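When the chains are written out, they are named A, B and C in that same order, and each has its own residue count from 1.
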Amino acid sequence: MVHPTVSDQPIIAARGLRKVFGSVVALDGVNLELRPGEFLTIFGPNGAGKTTLVRVLSTLTRPSAGTLTILGVDIPKGSHAVRSQIGFISHQALLYPNLTARENLAFYGVLYGVPNLCERVTELLQQVDLAGFSDRTVKTFSHGMVQRLAIARALLHRPRILLLDEPYAGLDQHAARLLRGLLAGLRSPERAIIMTTHNIARGLELCDRMAIQVGGHIVHEAPAGGIDSTQFEELYLRFTAKG
Amino acid sequence: MISRALEGWSRGLAAAAAVLMVLAVLAVALYAPIEREQGLPQKIFYLHVPSAWVMFLAFFFVFIGSVRYLWKKDPAWDTFAYCCAELGVLFCTLVLATGPVWGKATWGAWWTWDPRLTLTLILWLIYSGYLILRASAASEEQAARFGAVLGIVGFADVPLIHFSVLWWRGMHPAPVIGLGGVQGGGLHPAMLYTLLLSLVAFTALFLSLLGLRIPLRRAEMEMRDVRRLSTFTQT
Amino acid sequence: MKFLLTTGAIVRKDILLEFRTKELLVSMLLFALLILVILNFALGTGSAPAEGALPGVLWVTFTFAGVLGLNRSFLTEHESGGLHGMVLAPVDCEAIYLGKMLANFIFMGVAEAIVLPIFAVLFNFPILGRLPALLMVLALGNLGFTAVGTLLSAMAASSRMREVLLPIILFPTAIPVIVGAVNVTGRVLAGEPLAHSVPWLKLLGAYDTIFLVVAILVFGYVIEE
């Protein structure tokens, strides 16, 4: 997949990231670099630490050790400064079920200091194909719709970094196709995207680079360059068999 | 670092505490005069007051440990705070046990909502809450963080609780050595010396217990982690 | 400016949510009414509780219903992940605290405003003449309770014990507020001018100030991992 030339400076630079819960080592020395314009997909079995990694990169969780620099800022010291540039989609929707789609976006819009909020909300609702449902409460939404609204929420402030934790989980074909379209449209020379997933086909579709995470570290990382699903599956099984 | 020092001296401290406690007991039994109005039961005073002193010291340490933990995120300070809280609740219980006994013996009532005892009871509730909060936290890290917050809030509350229960009884601050039961402005010198000896003995006891508890707690945490790690690798 | 906007947005969001579901206020009011009725039976033999017990009845009702409200406030955040959502945003955690605290203050205030006349009716107690002074005590007591309550309920909501933990850690800490508020309320209801209760008012004021400051300082540690 041809993409615009990327600049040299990494948007995210992580060295030796460790995250320990008690003595459960969720991340065991992760090194990662992400440049603007790149789309990285991280594959891995359950318990590999993918969610923890994404949470650390989102600044929601502090690392126990290691260095992390986002947009040139040291984390966790400068977490506050970079949050306006990060959009995060996690297992939790981070949406209020009893508010409408529009109200949810309007609320977060104020928190992120989004200018021209009203128009931006309308624009986003159209972009994620929820314009007809903007005044329905989120608890009436299907899982796919919630996911799309979560993406809208993550995009409100036009972040330069998008982190998606298993966005395809629980989506039916139709919703998944919509999501794929959305994600494809999000790629831009300034933006860097990281996605974690189990779904090999979906994961490979859009990425420039792919990585496999097992047992808390990245065991394999390579450009995606034309690898097909079956080849990748073999590769994946080879790496995860040891786990 | 305090706990390191404590551990290093713990054997020495324990020995000193033992000696001091024996001396204190002897002093209370033989040296301290029998108080005119209350008679023998008054001697609970030498157990009650030092316990209260140690209790306040312990909760003050919890406050210090809590502040330092939030500031530096150093788990050693959290262990320190936790162990001080445990011991604080222990000595608090001692105060609450000796107070009513003394009260019953002296003026026939187990509990009179005396401001100092009431304050002690409330502190017991707050710091027991501290222990429960930590026990029910979702993770060790959260337990330490939340504990630290409550450790700060609890101690900040002490002066406010003190004045509110004092005024509630319509009372005014009593002179310092006019401690519940001992009338007037001054203590007989023999009583004073015995009290001071008790205070020192109890403080030594507290510090030596602390020196023993901290490494024990650290070992407990490691055991828990090892157990968790082994179940983790099994799945 | 951003700070105020954030705080305002959080307050508005909570009020909007409450309008939508009405869960909070309805449960608080029903619970408060229930407590009033039970206390009436618990404290009086035959007719009505002694007049001296009335301020206590009022504040027991307020604080118990208040705990209910505080619990719900953070529980809804916890369920929807809203707290994470707010932490992820580039906002000061102090703004989050103040937003939640003000929302809680408003809800408790509304509940108090409804319970007070019911109390006056149930116990045949004239309060109209003393309303301004009463409202002042209510506000001071409410503020202290909510300031500490918001901080502690943020912790309780994240723990395994959830709602059960909040009363355990909040009530002992809030005793100075309860004692002070009951005392001043008693004097006000007895017709004394507020000037007589100045030391107590100072205590309440000190409590409110100290804990607002402490809460603002440490709230960040509660919500950030």
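Note that contacts are C-beta pairs under 8 Å (C-beta built on N, C-alpha and C of every residue); 3 or more make two chains touch, one makes a residue touch a chain.
Note that the structure is a prediction, hence the values are computed from the model and not measured.
Set against the Cα centre of chain B, the chain with the most distant centre is A.
Taking the mean of all protein C-alpha atoms as the reference point, the chain centroid lying nearest to it belongs to C. A straight line joining the Cα centres of chain A and chain C is 39 Å long. Taking each chain's centre as the average of its CA atoms, chain B and chain C sit 31 Å apart. Chain centres here are Cα averages; for chain A and chain B they lie 50 Å apart. Along chain B, residues 141 each make contact with two or more other chains. Residue positions of chain C with contacts to 2 or more other chains are 225.
In chain A, no residue reaches two or more other chains under the touch definition.
Within the complex formed with chain C, the chain A residues making contact are 58-62, 80-81, 83-84, 86, 88, 90, 92-99, 103, 107-108, 110-113, 137, 153.
The part of chain B that touches chain C in the complex is made up of residues 70, 122, 125-126, 129-130, 132-133, 136-138, 141-142, 145-146, 148-150, 152-154, 156-157, 160-161, 163-165, 167-168. Within the complex formed with chain B, the residues of chain C that make contact are 148, 151-152, 155-156, 158-161, 165, 168-169, 171-173, 175-176, 179-180, 183, 199-200, 203, 206-207, 210-211, 214, 218, 221-222, 225.
The residues of chain C lying in touch with chain A in their complex are 2, 5-6, 8-9, 13, 16-17, 20-21, 76, 80-82, 84-92, 224-225.
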